[in-house]
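Next up, some structures in structure tokens.
Shared chain: subunit A. Partners: subunit B in the first complex, subunit C in the second.
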Partner chain A sequence: MDLKEKLVSSFMAFEDTVDVHSPIHDIRTEAIKTFETQGFPTKKQEAWKYTSLNAVLKHDYSVFPKLDNDIEFKDVKKYFIHDIDAYKIIFIDGKYASHLSQTTHDGIDVCLMSSALAKPKYRLIIENYFNKIAPNESLSALNTAFSAEGAYIHIPKNKLVEKPIQIIHFSTGNEAALMLQPRNLVVVDENSHVQIIERHQSLTDNPVLTNSVTEIFANKRAIVDYYKIQNDRQSATLIDNTYVNQKQESLAKVHTFSFGGKLIRNNLNFYQNGERIDSTMKGITIIGDKQHVDHNTLVHHIEPNCESHQDYKGIFGDRATGVFNGKVVVEKEAQKTNAFQANNNILVSDKASINTKPQLEIFADDVKCSHGCTIGQLDESAMFYLRSRGIPEKEARALLMFAFSNNVLDSVKIPEIKNRITKIIANKLGVNIGFEL
Partner chain B sequence: MLKINNLHASVEDKSILKGINLEVKAGEVHAIMGPNGSGKSTLASVIAGKEEYEVTKGNILLDGEDIEELAAEERAHKGVFLSFQYPVEIPGVSVTNFMKTAINETRKAKGLEDMPANEMLKMIREKSELLEIDRKFLSRSINEGFSGGEKKRNEIFQMAMLEPKLAILDETDSGLDIDALRIVANGVNKLKSKDNAVIVITHYQRLLDHIVPDYVHVLHNGKIVKSGTKELAHELEAKGYDWIKEEVGA
Partner chain C sequence: MSKYTEDDLREELKTKEYEYGFYTDIESETFPVGLNEDIVKAISKKKEEPDWMTEWRLEAFKVWKEMTEPDWANVQYQKPDFQAISYYSAPNSKPKYDSIDEVDPELLATFEKLGISLDEQKKLAGVAMDVVVDSVSVATTFKKTLAEKGIIFMSISEAIKEHPELVKKYIGTVVPQKDNFYAALNSAVFSDGSFCYIPKGVRCPMELSTYFRINQAGTGQFERTLVIADEGSYVSYLEGCTAPSRDENQLHAAVVELIALEDAEIKYSTVQNWYPGNAEGKGGVFNFVTKRGICEKNAKISWTQVETGSAVTWKYPSCILKGDNSVGEFYSIAVTNNYQQADTGTKMVHLGKNTKSTIISKGISAGKSQNSYRGLVQINSRAENARNFSQCDSLLMGNECGAHTFPYIEAKNKTAQIEHEATTSKIGEDQIFYCNQRGIDTEKAIALIVNGFSKDVLNKLPMEFAVEAQKLLEISLEGSVG
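Then we have the complex of A and B:
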């Protein structure tokens, strides 16, 4: 039985394990039908032209993992940004791990999707926001059909949430192969500010396929800072579907750091429903071996006087492959839009490749839109300059790569994250640079 | 200190250096002059270890050791320093971090611990004062948006920080106004000692009024065709290079 059939036939059993009377029962039922009709995306679809899921879908994934897996904090401490005080929503094989978590209901809700779906006091938020921006198509629909657990974050108006929120999904490898479908909902009301760090981490080399959906609502003048740290083992596949709906004068920033994993597909979508909105997405991708990272972004400029900024840097070694597909749509009403997009890449091996494709659809006439893609090699004259000062080849190379990706790190507002990313990069490049850029 | 014997070098099969012989002893300043395209910058790059150049014959000895097989960084660790004619801009790396890395990598190569941070700061302060460099300048990215004069001053600042045994200044005077020239020359003179040596590559005499050479060599068509003392530089300034070309051609 292939994975699609397995998922479709598991749906009834899944619904039995959760509450059939749940307000989202109809949404799930609708979604599984959509998935059944559409199936997994293939390379025949334009948006998946350079990314094939074939190899990934071959494994016999457990859809319902055994739920008694346990890990201790000391074993996974290193995956936390532990030098900051943070709220934590931690999952092990898809199940909430209370002993690793620190949730709250004190003025704000930082808790679980399962309880938000079950308890009447959250019903209004669920009705207003759940599945309101995730489209009813293929992978998102699949996630919706099986949505039961994930992070639920609701920040009421006028709250500056000082502590960042860490969401970590661990997989233990107790299953030979595991499929996870976390579902996150983040609602940030007027004038509030939240910072979120998300990570997926396998603890063994057993294959894991994660198909995650995150819906983020940044209401009027809200500020959302979202960091995705993708540094998983090379047995892990991540399909991250993130949808951000913004209201007037809100500011939403998503940083995506992709260093690890076998295959990563980021579907990152911003919808600007209001004026004077700022949407920013930045990314650093550094991969090697046969890794594959695909950034598929969308900014939908719907109303006037808004901005969007995209800045993605990629460094590809060995036989790694990258994809950047950045779509910007500017509707006719969206005058005075300022949309900026840059995708710069360095290939450090002859066998590495990147397919980069800006896609601008502009229907307004008074806009500033720019885009630029570059693909190059490391500057040899810069290499000689550094080496002539006594910096060895490997370190010189690393220094230039750091420098290349540096301006993406500039906008990271949490120093500990910047620090962590710098360390991951140094580790990845096998150097000790001895300072932070 | 430096002994170059019958050095031939080529780039992409084009022969550029055609038998250079040169000996530089500790405490000496040598000037290498010559018309455009005579091979001056190639000689500097070959000594510093630029990989595009292939040494086809002869050798370069530093303190008796043949350095031809050594990588650029290994030569740097042994005390070779090249002040670039066209310093490279490296966005994203500050001058300070660059120097910290360079110094500590050199120390590592010698089996020493990293230089303590306070010592490093003190050194940066002293050397930047010597070159009359504004401290703000040091937190900027290497050479990015620097004026021609700032780039050259930054080169000599790096030389001051790295304290090389053998410094090669490739056209350090080009693009400098008279004040910057004075500052740069003053810096070089203060760094000079009986234990190190300087090779000044220049087109013009004016830098040599400030950094006074013990010997002057004229490079033409990949060979040193004339050597003399500082008076030779004056003669070249007055008469140009044509008489040398004629003399050699004859």
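Then we have the complex of A and C:
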């Protein structure tokens, strides 16, 4: 039985575990129908031209994981940004792990999707925001159909959340192969500010397929700062669908750091429903082996006087393949838009490849839109400079690569994340330097 | 003088009628509408083609029947009914002329109206013209001068008869019959076109040029052009077209194949000004063209195009850089106005080592038009030290038009160096202010800016053609180009 059939038939079993009378369930039933008609995306679709899911889909994933697991904080401490105080929402094999988490209802809601879906006090928020921007597209619909658990974050008006929120999904490998479908909802009301860190981590080499959907709503003048750290084992596949809906004068930033995983597909979509909005998406991708990372971004400029910035850097070694497909749409009404997009890549190996497609669709005349895209090598004269000063080749190379990706790190507001990423990069490039030369 | 603003320009663009819309009444011999094997055979027979050519056409027709019309391009139009088109039409006065005086005077008058009088061209420009009116060439000039150099420049139907070995060897090698829907259709029914062969080491002393005109109501034009530059030769080829005003859509599905052998260089320039339809978007030509060139070692192919006409354009002049050190270039200006739609760009396929490609594309959209750049730069794993530079700039006039870029970049070699940049902007008020402040009125300022915007590409046109190109830009964007 292939995965699609399995998922469609598991839906009935899934219905036994949730409240089928809630309005949410109508959305789920609709969604499973959409998935049934559309199926998994194939390379024939323009958006999936360079990424094939075939190899990933052939595993026999269990859709409902077993309940028991015994993970202690000390086992997984290294996957946390543990040197800062933070709210934590931790899941193990898709189930909430209360002993590792630290949630709150004190002025803000940092808790679980399952309780938000069940409890009447969250009903208004759920009705207004749940599944409002995730499109009717196969993978998002699949997630919607099975949506039951994930992070629920609601920051009311005028709150500055003083510590970041960490969302970590662990998979134990108790199952031979596991499919996870976390569903996150982040609502940030007027003038509020929140920082979120998200990570997916498997603890063994059993294959994991994560199809995650995150909906983020940044209301008037809200500031959302979102960090995705993707440094999983090479048995893990991540399909991350993130949708950001922005209201006027809001600021949303998403940083994506992709170093690990077998296949990562990031669908990152921004919708600017208001004036004077700023959207920023940045990413560093450093991969090797047979890894595959696909960044698929969309910025939809709907109203005037908005800005968007995209800056993606990629370094590809061994047989790795990288894909960047960035799309900027500027509607007729969106005059005075400033949209900037850059994608710079370095190929380090003969077997590595990169496919990039920076796409602009512009319907307004008074705009400044530009995109730039380069594929190249490290500057030989810079290499020579460093070597002539006694820096070994490997370190010199690493320094240049770090410098190449550094301006993405500049806009990271949490120093601990910056340190962590620096360490991961050093590790990835096989050098033991801190880059603080 | 009242102030000339961008709004005035837009207004003018809206109301500007196609100046070259007229219809020459020449008795034509036209085939019944529809397409089947018999029609393909009949076309072949009519042109007194050898059997291998008929077979080749039938093969293409067979493939075409299996294919479906592509719809991935960013254009919307009423798909033509291929069974409602007449696939052959030739001017009635069949015999070939040795001198220009024998050509039907009405035809000559047509060219005069276009401002491309043959006589004038002959005297002033030194341009040999293979004039195509409705699919059959009726006049060829300067043939003798060319013959002295051993250059073959004739219509493709003549070439099939006179140089079958060359045609047989090269036709379909760059654009195979089954390449795409329109190429297959063209291969099956092409009525005429140009053939050009430059022998080894010869530098063609003049610009070779063909003027195409669509003339008969309801006849699609299926031109086939084959240019072969043998080792170490050089040729500059010009193609230009204007079409009379018509209400029903006319289909134009041409195929151009360029073959640049070792150390050869081909420069192919196009000025396209088919009827774009009226201000309501009614009528106009469908231009679905397959143009591709192949470069052997050290060869160079350069495409330059000025696209101002057609209701729908679908055109990607491409280079296959097969040989080491080969060079591909693409320079394009695409202007769309009213309801015109253009989806155009290029493909640069790097196969050989040290191959280089340059892409400069300038899109100007006005009215309610949609202008897309779609390009592919592909560096294959064995293409060491490949280099590409792409730049696509769009200029928008008015807020009802659209500019789109779909650049695909695929690199499989670590030594590749690729740069791509694209910008979209309008004519800045500060730019106009700067000009005004220096005593240049707004009309001239806009002209200056548009001219500057397109300069990179206009500069690449051969001198003889640059004048025509300027003229066409003027027609499309009246008042903006000085």
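To be clear about the criterion, the second predicted complex is superposed on the first by the 433 of 437 C-alpha atoms of A that agree within 3 Å, B and C clash if a C-alpha of one lies under 4 Å from a C-alpha of the other, contacts with A are read in each partner's own complex, and residues count from 1 in each chain.
The rule is short, and it goes like this: a residue touches a chain if its C-beta (ideal position, glycine included) is under 8 Å from a C-beta of that chain, and two chains touch if they have at least 3 such contacts.
Bear in mind the structure is a predicted one, so any value in this text is a computation, not a measurement.
Q: Should subunit B and subunit C be called a clash or a fit once both complexes are overlaid on subunit A?
A: When both complexes are placed onto subunit A, subunit B and subunit C end up side by side without any clash.
Q: With both complexes superposed on chain A, which partner does A:His99 reach: first (subunit B), second (subunit C), both or neither?
A: neither
Q: Should A:Lys132 be classified as contacting the first partner (subunit B), the second (subunit C), both, or neither?
A: neither
Q: Which partner does A:Glu393 contact after superposing on A: first (subunit B), second (subunit C), both, neither?
A: After superposition on chain A, A:Glu393 lies in contact with subunit B alone.
Q: So which one touches more of the residues on subunit A, subunit B or subunit C?
A: More residues of subunit A are touched by C.
Q: Once the shared chain is lined up, is A:Tyr385 touching subunit B (first), subunit C (second), both, or neither of them?
A: first
Q: In the superposed arrangement, does A:Ile362 touch subunit B (first), subunit C (second), both or neither?
A: second
Q: Output check: A:Asn407 vs subunit B and subunit C. Expected answer is one of first, second, both, neither. What do you get?
A: first
Q: Give one of first, second, both or neither to describe whether A:Lys43 is in contact with subunit B, with subunit C, with both, or with none.
A: In the superposition, A:Lys43 contacts neither subunit B nor subunit C.
Q: Is A:Lys423 touching the first partner subunit B, the second partner subunit C, both, or neither of them?
A: Neither partner.
Q: Between subunit B and subunit C, what minimal C-alpha to C-alpha distance in angstrom results from the superposition?
A: Shortest inter-chain C-alpha distance (subunit B to subunit C): 16 Å.
Q: Which subunit A residues qualify as touching subunit B in the complex?
A: The touching residues are 379, 381-382, 384-393, 395-396, 399-400, 402-404, 406-407, 433-435, 437.
Q: Which bits of subunit B are touching subunit A when the two form their complex?
A: Contacts found on subunit B: 48-51, 71-73, 75-77, 81-82, 84, 87-88, 90-93, 97-98, 100-106, 109, 114, 141, 158, 162.
Q: For the complex, give me every residue of subunit C touching subunit A.
A: 72, 379, 381, 394, 396-426
Q: Which part of subunit A faces subunit C closely enough to touch in the complex?
A: 46, 332, 335, 345, 347-377
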